[in-house]
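Next come two complexes built around subunit A: one with subunit B, the other with subunit C.
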Partner chain A sequence: MSVEIVSGEEYTVTYNDSTESLTFDGSMRLRTSEEYEPINELMQQALSSTPEGNLLTMDFSSLKFLNSSGINIISRFVIAARKQGTVPLKVVGNQDIYWQQKSLTNLQRLWSSVQIEIQ
Partner chain B sequence: MFKRFKGFFDKSFQRKLLTFNLVLVGLTTLFLFFFLMNSFRTITDFSLEKNKNGITQTVEEYLTIYAQEKATSTWLQLQAAQDNLTILGTTAQKTLDNYDEIKANTAVFEIPLFQTELVEERGALTSPLDDNIDALIPPPIADNPAAKELLAISALLNLNMDAIFAANDSNALVYFVGNKETPVTRAYPNIHLVEVLGDAINLLFWQDFFPDNVAAWEKWYTNPELQEQIPNPITVEAPYGDAAGQGAVMTMFYPLWDHEKDEFAGAVGLDISLDKIIEDVLSIRVAQTGFAFLVNSQGEVIAMPEQAYDLLGIEQELIDHGGLSFNSGLMNEAQETAVQDLAAALQTDTEGVFKLNLAADNTSHLIAFASLPPLSNNQYAEDIWKIGIVVPEAEILEVINETGSAITDRSNQISTISMAMVVGFLLIVTFISVKFSNSVTQDLRTLSEAAEEVRAKHYDIEIDLKSRDEIGQLGQTFMSMTSEIQAYTTNLEAMVAERTEDLQQANDEITRLNGKLKDENLRLSAELDVARQLQMMVLPPESETSAIPDLDIACYMEPADEVGGDYYDVLKVGESVYLSIGDVTGHGLSSGVVMLMAQTAFLTLSQSGERDINRILSVLNQVLYRNILRIRENKNMTLAVIQYDEKGYSVVGQHESVIICRTDGTIEEIDTIDLGFPLGLDDDIDAFIASQQFQLAPGDVMLLYTDGITEAENPEQQQFGMEKLKALLAQYHDLEAKAIMEHIMKDVYGFIDTTPIYDDITMMVIKQK
Partner chain C sequence: MTDLTGTPQIFGTWEALTAVSHHYAAMNLHATHLANHWRRNSLSSDYWAAYAALQIPETVPTGWLRRDDVNYVLSYLLNELFENCAKFSAGPEQTVHYQAWFEDERMVFQFTNHITPAGERPFITLIQELLTSDPDELYFQKLEENAEQEISASGLGYLTLIKDYGIQFGFRFRPINAEITAVDVQAHVSLKEAAF
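What follows is the complex of A and B.
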């Protein structure tokens, strides 16, 4: 088992390969897509590490805020996963968090196979 | 004066060091010196005093023992005389006791030894001059036969009279005297009394010479108690100086008794010369002028050197006594009371030491005295002779004083030597201190001088310090500092030039870099300016928005510190009015460019006559998707487009909610989540595009905004939120669009307070006229 972490002042993104899950914590308000690149790389690594057919879970239930640049990165990752088509995604959200109400729905629109689980 | 003194010490470290050192050593030494010398003197004085007392005591003891010894030896002579007299007395008593038997044996007197030949001379009967014995019948009884008979019988005493006389050198005369009625005399040796007596030849012995003696003897004879008290019947007469040249003489009597008649029967007598005793006494010499004396109980001086009479102030007077004349001196009648006191002490005390202070010549004498055993005087009173030894105290103390002065001399000598040693020691200490302080402070002075040189800007100095201690280290540090100062001073110009050049170069570099930086800043600033201007430029001017009929429109846009990607527009194309609001992800020029693309594309599409807003949105998505790919920017955009015409309002595109406040204050929210999809994310979003129709009555207010408002944060990181926005709209919906907008913005900025604004803030308030 290995756990990889990318973290900043207000956030932590953890990839746990044994549970095949990406967990987002805190608030992410990075200014540019370049600043989001380390997170994007972690997500790409998670995607490539997950065996074909296995479900990769993206847990946003503890992510209180994500700005539009962040949403853009997540959206593009879903598109990339859709294009690869071998690893289905499961998105876990929290209905009490405002940004997730519309943005997580958009992820399923990008790829209908994305499972949305709102807690 | 004191100031000068103080200055003297203040200016030199050496002097301070020296003074401190010398004062310390000097005080300690002097204190110890005086303390020790004082102790030494105290000890000396103490021993002298002890010595003096000891010697005085020893001398007193010695003198006392000496006096006792002299008393004993003197007594021996008196004792011998008494013993001689007792033998003669016993013999005479036996003769008298056997008087009648002896008288009856006339044949005894046929023996020449016992024959008494008498011749007449001056009316008396006396032995002839050539006879050994001096017999005498004085003229008044020359015719008395009893006197002749007694004298004849007393011839038996011839047997031992000469032997008794010879037993003692001091014996002057031994003799027998008859009773009161017949005081015949038989004496040995023959001194021819008949002539010696001179005019006294006619006197009767007892009656005239010793009138008190017989009564006293009779008293003793008839009183057994007295006999028991004084077993020795011998009495002595006071000594006298014999005028006939016999010297001092003393007479002792041994009384004789007629035991049948119990009456006085005569006496044997012994005249002893005191010359030997006196000579013995006078021969005593103690110290230089010490002498001895002998006195009897009456204070009569028996023996005393001539000069002592003057010394003690005792007068000698010539005394006539019973036809004898002699010198007599009485100690208790001396002129000085001190001598009288001495006489009293001699009378009362058996022995002792008397200190005699003579006022006449202011001298002190120590007198040790001892008693001889008692004699009896002619009244059976005790006559105790005292022998005294007189020594001037000055002579006794002479030795002590000599010792004392010797010790004092020695002590003074030691003091002087000690003082000299102390002075010498202090001089040596001073010398060493001066040398030492000189050598210790030499380096300090060298340093001080060197420092003076440096102050005078003479840096070219060499100092050689002997010390390897802290001062030596100081010297080395000083030297290195001096050479540094010298180097600085000498090379100052060159160094200044060098430094100036360095600075010049640095300045050039800074200027160059500054210029470069300025260029860069300008470039960045220009880029930002361009982006901002682009953004602002494409926004509809107020003239356009206010020209829209039926609608009261107020718009607000505040880009974040950096240029953001918000966008809004109001277009009137024909009879239709298009209201659009959007938000490009990210910030900066690229976001501005994407926004610009969207604006251009929307404007183009709307102007081209396309009325289907669904279609417009779909084309917009494709245009942006392709352009974003082309410019390789990772962006997308939310966009809502509202078409207003005579049929009402249609809204399409995914963006923030459309908030409507009705005239009665009710808030309605149109969620646009299902009306579209972020533009530029995917190439085909037609499946998600939908439109929704709604109506606004006059007075109704519609509010469009970007997430810059709802996601604005206060310092506590709380978001402004939808609910607050809705409440504000409800509160101010009665006002004109612009006033509503201003109130809301004021509230938003009050909420943000000091928090940095990360995102563009955009808002449109459209009120239906």
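What follows is the complex of A and C.
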């Protein structure tokens, strides 16, 4: 089992390979896509480490804020996973965090193999 | 394109609102301050979001946004608008003017920043695309385009606010002199749940 973490002042992104999940915590409102690059790399690593046919979970339920540049990065990742086509995604959201209710379902519209679970 | 008569150009949902009212709040800051310490954008937006959301009663009738929801919507909205002022202010004038009108059924926010006259055209072209397209279609089209190329401006700020939150925007360009154009961005937020 290994756990990898990318973090900044206000956020933590964790990849746990035994649970095959990426967990997003805090607030991600970074300035540019360059600043999002370490997060992007961790997501790519998660994607390539997940065995074909297994589900990779992306858990946003503790992510209070995400700016539009962050939405772009997450959406790009979903499109990359769609293009690879071998690892379906499960997206977990939190009913009490309004942006998640409003915006997470957009990810499913990018790729029908994205399961959305808003708890 | 500078209009030498100084006539403002207006696009979208624009309303002339008076600053003198008991619903009104305002703040002046500097675009370079926001750009130098990026977290000033989110700090300012979280502060004004919480400040505004306090007017929402603890329980609301069905069809109205809950206080927490208003807080989240405004944090997202204001952060996008502060970020834009920080990123896109250009030229000698770097003042950013924030204004807000808190009403019973809606809130209106207006951000003023400054650009150079040469910067007007590309921004206006974008605004016209934004105001005349189907937001849903344009949103997914942009995401697919962004996935194909490495660009730093993702162009999703206004689009997500229109598409996911039903916020209406107005834009006004006011020529100040040969080097400065003031840009006023107005966001109209309904406190009722948008019907999608």
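We take it that the second predicted complex is superposed on the first by the 119 of 119 C-alpha atoms of A that agree within 3 Å, B and C clash if a C-alpha of one lies under 4 Å from a C-alpha of the other, contacts with A are read in each partner's own complex, and residues count from 1 in each chain.
Everything below uses one rule, namely that contacts are C-beta pairs under 8 Å (C-beta built on N, C-alpha and C of every residue); 3 or more make two chains touch, one makes a residue touch a chain.
From a predicted model like this one, the values you see are computed outputs, not experimental measurements.
Chemist: Will subunit C clash with subunit B on subunit A after the two structures are superposed, or do they fit?
Modeler: clash
Chemist: Go through the superposed model and pick first if A:Ser68 touches only subunit B, second if only subunit C, both, or neither.
Modeler: In the superposed model, A:Ser68 contacts both subunit B and subunit C.
Chemist: In the overlay, answer first, second, both or neither for which of subunit B and subunit C A:Ile97 touches.
Modeler: Only subunit C is touched by A:Ile97; subunit B is not.
Chemist: Could you figure out whether subunit B or subunit C reaches more residues of subunit A?
Modeler: When the residues of subunit A touched by each partner are counted, C comes out ahead.
Chemist: For A:Glu9 in the superposed arrangement: first (subunit B), second (subunit C), both or neither?
Modeler: After superposition on chain A, A:Glu9 lies in contact with subunit C alone.
Chemist: Output check: A:Ala80 vs subunit B and subunit C. Expected answer is one of first, second, both, neither. What do you get?
Modeler: second
Chemist: Name the contact category of A:Arg29: first (subunit B only), second (subunit C only), both, or neither.
Modeler: Once the two structures are laid over each other on A, A:Arg29 reaches both partners.
Chemist: Indicate the residue numbers of subunit A shared between its subunit B interface and its subunit C interface, in ascending order.
Modeler: 27, 29, 31-33, 65, 67-69, 71-72, 75-76, 79, 98, 102, 106, 109-110
Chemist: So in the complex, the part of subunit B that touches subunit A is made up of which residues?
Modeler: These residues of subunit B touch subunit A: 562, 583, 585-588, 633-636, 638, 654, 671, 673, 677-678, 681-682, 687-688, 707, 710-711, 717, 719, 721-722, 758-759.
Chemist: List the residues on subunit C that touch subunit A in their complex, please.
Modeler: Contacts found on subunit C: 38-39, 41-42, 68-69, 72-73, 75-76, 79-80, 83, 87, 139-140, 143-144, 146-147, 150-152, 154, 156-157, 159-160, 164-165.
Chemist: Touching residues of subunit A toward subunit B in the complex: what are they?
Modeler: Result: residues 27, 29, 31-33, 65, 67-69, 71-73, 75-76, 79, 98, 101-102, 105-106, 109-110 of subunit A touch subunit B.
Chemist: Given the complex with subunit C, which residues does subunit A contribute to the contact?
Modeler: Answer in residue numbers: 9-10, 27, 29-34, 65, 67-69, 71-72, 75-76, 79-80, 96-99, 102-103, 106, 109-110.
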